[in-house]
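Same chain, two partners: chain A is paired with chain B first, then with chain C.
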Partner chain A sequence: MASKKRSRKELFAQGNDAVVEGALLSGCTFYAGYPITPSTEIAEGMAARLPYVPDGVFIQMEDEIASLGAAIGASLAGRKAMTATSGPGFSLMQEHIGYACMVEAPLVIVNVMRGGPSTGLPTSPAQGDVQQARWGTHGDHSIIVLSASNVQECLEMTVTAFNFAEKYRTPVILLLDEVTAHTRERLVIPEAGEVEILSRVAPSMPPEWYVPYEDGLRGVPPMPAMGSGYRYHVTGLTHDRNGFPTSRPDEVQALISRQFRKIDQFFYDIQLTESYLCDDAEVAVVAYGCVARSARLAVDLAREQGVRAGLLHLKTLFPFPRPAVEAVLRTCPRVVVPEMNMGQISREVKRVNNGLAAVRTVNRIDGQIITPQEILKPLLRG
Partner chain B sequence: MPAIPIDRFEIRLSGLGGQGILTLGRILGQALALEHGYHVAQTQSYGPEARGGASRADVVVSSRPISYPKPVNLDLLVALSQEACNLYYRDLKGEGLLLVDADLVPQPPTNRFCALPFTALAREKLGNAQAMNIVCLGALVHVLPMLSLKAVKATLPAVLPAKIVELNLKAVELGSTRARKRYPDIATQWTFFSPTTTASMP
Partner chain C sequence: MAAITELIHDYLRHNKKFPHVLCAGCGHGIVLGALIRSIHSLGLSKDDVVLVAGIGCSGRVAVYVDFNTVHTCHGRALTVATGIKMANPKLKVIALMGDGDALAIGGNHFIHAARRNIGITALVLNNSIYGMTGGQASPASPTGSMSTTTPLGQLERSFDVVDLGLACGAGYVARATAMHALLLGKLLEEALTRPGFCLVEVRTPCPTQYGRKNGFKTAVEMYRWYKERAVKRERWDSLPEDQRAQSFPIGVFRDAPQPGLEERYYAACSRVQEKTSCQQSQ
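And then the complex of A and B:
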């Protein structure tokens, strides 16, 4: 009766467990965090596993500010570093997110979203931190924000988050929600070598020739590990190419615009979306996180009732996957954006819409996942 | 591929905190997912899990990938307390099956239900009332055609601490035997399960 093919390791695990597996697979050797529901299992998993990883370090810090501070330090020292939190802790991390952007420290921040504002609904799902992830820290900056909707995707997107962080020298925020983080499903752990793992580029010139923030074609300067002989100055102040504080307009302009360019010019690599039955769709759903799962069922139900529905599932939230969304807005007269907030991604959809399609939102903020029925209603109504 | 094709079979396990509902859900889900190869999404209530509060675990099983991870319309409701039975009965489909603890649910809201004294069986036959969740799992082995005793037995050691595995292997046997005696034709004659169901949606 049973069909057992266990060539690879299979687990029945939560999304949070999958994040742990993804991080270890990516070569993460440093975790600093402060446990908070519904992200606690990530801290628990890293605490259980990292002591058995060569050079693995797990530290429980005094709060989330210190957690991200420690992760930035580890990143500058050459480690692949991660921290995980939820709403209130994510708010505390905002200042250091800006610091990580400014000093271009590759690291991964997982935020398992729960109901807010403030302490809010600790054990219920929400998607209220989407714009905070993009704009929460002060100052104009570019950043990568990813999401995941099921357990296997939690592993994949964690690996992707580490790869983007290392490739573009930037903090990457992975937004999960309580449903995705706590649902148990089959998780297939890929073997090493089955997935592409990227690491930061180290400088190849001798230390005395090293210019820490030199611009190049990619806009991503090579990054040495602290203590490896390359000495440079790290500061949150705007700095020149040697790393020292500057307020000269031409140098400030060069620094900030390079930090934008290094991410924006690679939009085709970063903006991940998945299209489901969109080709002939007359109405499309744009969704992310656990709501994308409700939307998929709603699309199937609508098709059963003769409505040609489709789903554009956003995996990258920022930089906003404009080309994929525009394609849907151009071909579908009606677009529905369901989310568990008052309309944070629908703002973006409406921003790029330019009158192409009629955009409707489905919003829920009571700590419950949006059901397929709630999405089906606007799909059927023509 | 699993032997019996299923399109979204939805199970809710409910009762009081401390009855081992969440463990039951995890073992059931793991057996179906890893041993039988089904797609399974298992979710649970996060709230007052302290002993005495309401507790709930949901398991959605399908041969196809599962989109929406939570139950919409229950095919099987297991209620191990009267309160849980009253609360969740309305989520059960018309032809769905209600399985209760005979002693803990004295007033089922319908005539169409199955009852076995899981807690009393665990206390009297095994000398440990805490094993009642696994006695219940044994009954599910008999009730659910897609779940085999072998799969459950293979899963128990993977989830439970080593020192209680032996006791719980007995508990599964006990539950399965009792259910077979009391309801010999349930898996074949009752209509809550049909392997060819199309979408079980409202």
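And then the complex of A and C:
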């Protein structure tokens, strides 16, 4: 930089650009991907920027299976790695999502949701991959799923995704939708040092004492970079604490329950929500992604008309932010859950509701965003 | 013998409980032995060697050796290996795959890894069958061969791993059999020292699944078959057509390596980085 005095950079940018900025800010130095609408700008941004980052690697792979495979390899080799995709590509990634969970490889997967199923609506928004993000890969596993509702949040949640991935040694899925990814608005890029950036903990003991999958208080074993002298075995098979395949019931149980515990016990750290005018609300909206923006305006409009409405904006989708949702269900007699799907988060809301409130859904699956007016209607009428 | 025992102590994992999963007579152990000897004679550090394996009987051998070892999903060894090599080009990355692994479910990765010339040594252990799942036909099962999924005999044609590697542009392509352990060791040494994508196919007997279904009474009979049918490439080229059909060539088929993708990528990056830092300092 020519001038020493650096001011915060402001851009007019789309959500996909913000993901790129967030990733680079987080110290991401590896991207592997495959072109797919509406996430391609993330790959293009990383391809343009990474060659200028020390040791930055961009590689275009032959498909999404290979993309996530390469990101896993890079993660094992010590890199902060990312891939981005959309619906059909996300389906292809499910195999390696399970592998990344099993070998506890920290990495970030961005899925810009478009209309489905199948090729569906490549250029239109949807929120149809929410439950797939949670349960898409086979087998019981825990995972972190985040969302973002505007351009600035795309940057912030990308940073959060990397931090959670590194802190908990897990793949983290960031769900965007086509509208959030392609909307252009003001983006403020924080300076390095302005945001907290976390990195995985490397083992500090001598290599011969290292037990790769040893349990501890946090349940997150330290992770060496491949080639640093800590040789161990990585496998998608159920393994014992040394990393060797096992089918002994006690060892299987210990592994899988630790992998759940390492995420679930830190729910207070992971479950990010934002509550807007919920304190005195008689009716509340629970929303995420671009729908949360419509919901916020709907709440304002309802208040103008004398209805005490509020919004619980979910930024973390899984582990499902039960405490925050329960609080709203307990205080508001009526809760509205608008989504661009047939009811994927409303299932979760109803699951924790237990008869506390009357839950109504607003669903759209025609590739159009849900407007404030559509959310306003159920807010006004009981 | 003493030297071999020493190598066993050096390279096999002490804390991994034996016995291993392979059947008596399986060729995979011979291949692993040859791999260990060639790594040893090249003087590579165990910390720098990454063995990435796929799924199947071949995939299971990685766990026994004291390198950085990765047992990936079925067919995906080359994808993970590509990520590792691009992330840290100093590592010697070896992808060890079976024939079904590399050519069926992983076929797309195989042709693209060869095309992009990533600096990986790809080792295909070809036993012409899916051994671990109980003997189903693979893309390398010869036409007419028997398996549990081809009760009428294999009607499809099979892939020739070497031809495929050559067609996809691999810079080094070679073949040996488990019966030719010394040749195999030499080929592996060459492959491990060449830049770019290097392919070594090893025909290895699966007496349990392939042998029993295809008229081989013992494992020894299979090894004998390999010994008789495998012909040095130089000699095979001059054989008459009918004798060629009865045999297959072994040896080196291409030795024209080019700098690997990782080398070219980092070189290109440092060029653009230099340029920008020059512009900035002006």
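Some points to look at:
Everything that follows uses one rule, which is that the second predicted complex is superposed on the first by the 376 of 382 C-alpha atoms of A that agree within 3 Å, B and C clash if a C-alpha of one lies under 4 Å from a C-alpha of the other, contacts with A are read in each partner's own complex, and residues count from 1 in each chain.
Following the convention adopted for this analysis, contacts are C-beta pairs under 8 Å (C-beta built on N, C-alpha and C of every residue); 3 or more make two chains touch, one makes a residue touch a chain.
If you're wondering where the values come from, they're calculated on a predicted model, not measured in any experiment.
Using the contact criterion defined above for the overlaid structures, shared-chain residue A:S204 touches neither chain B nor chain C, since it reaches no partner. Chain A is touched at more residues by one of its partners, and among chain B and chain C that partner is C. When the shared chain is aligned, chain B comes close enough to touch A:D300, but chain C does not. Of the two partner chains, chain B is the only one touched by A:I369; chain C is not.
In the overlay built on the shared chain, the residue A:S247 is in contact with neither chain B nor chain C. Applying the stated contact rule after C-alpha superposition, one finds that A:T123 touches chain B and leaves chain C untouched. By the touch criterion defined above, A:G56 reaches chain C but does not reach chain B. Of the two partner chains placed by the overlay, only chain B lies in contact with A:R184; chain C stays clear of it.
Overlap of the chain B and chain C interfaces on chain A comprises residues 1-2. Those residues of chain A that touch chain B in the complex are listed here as 1-4, 10-12, 37-38, 123-124, 150, 178-179, 182-186, 290, 293-294, 296-297, 300-301, 304, 369, 371-373. Of all residues in chain C, those touching chain A in their complex are 13, 15-17, 46-48, 50, 52, 62-63, 66-73, 76, 78-88, 90-91, 108-109, 112, 265, 268-269, 272-273, 276, 280. Across the complex, chain C is touched by residues 1-2, 30, 32, 51-52, 54, 56-57, 59, 61-63, 65-79, 81, 95-96, 99, 225-229, 231-237, 242, 244-245 of chain A.
Chain B makes touch with chain A in their complex at residues 1-3, 26, 29-30, 33-37, 39-44, 46-47, 66-70, 72, 148, 150-151, 199, 201-202.
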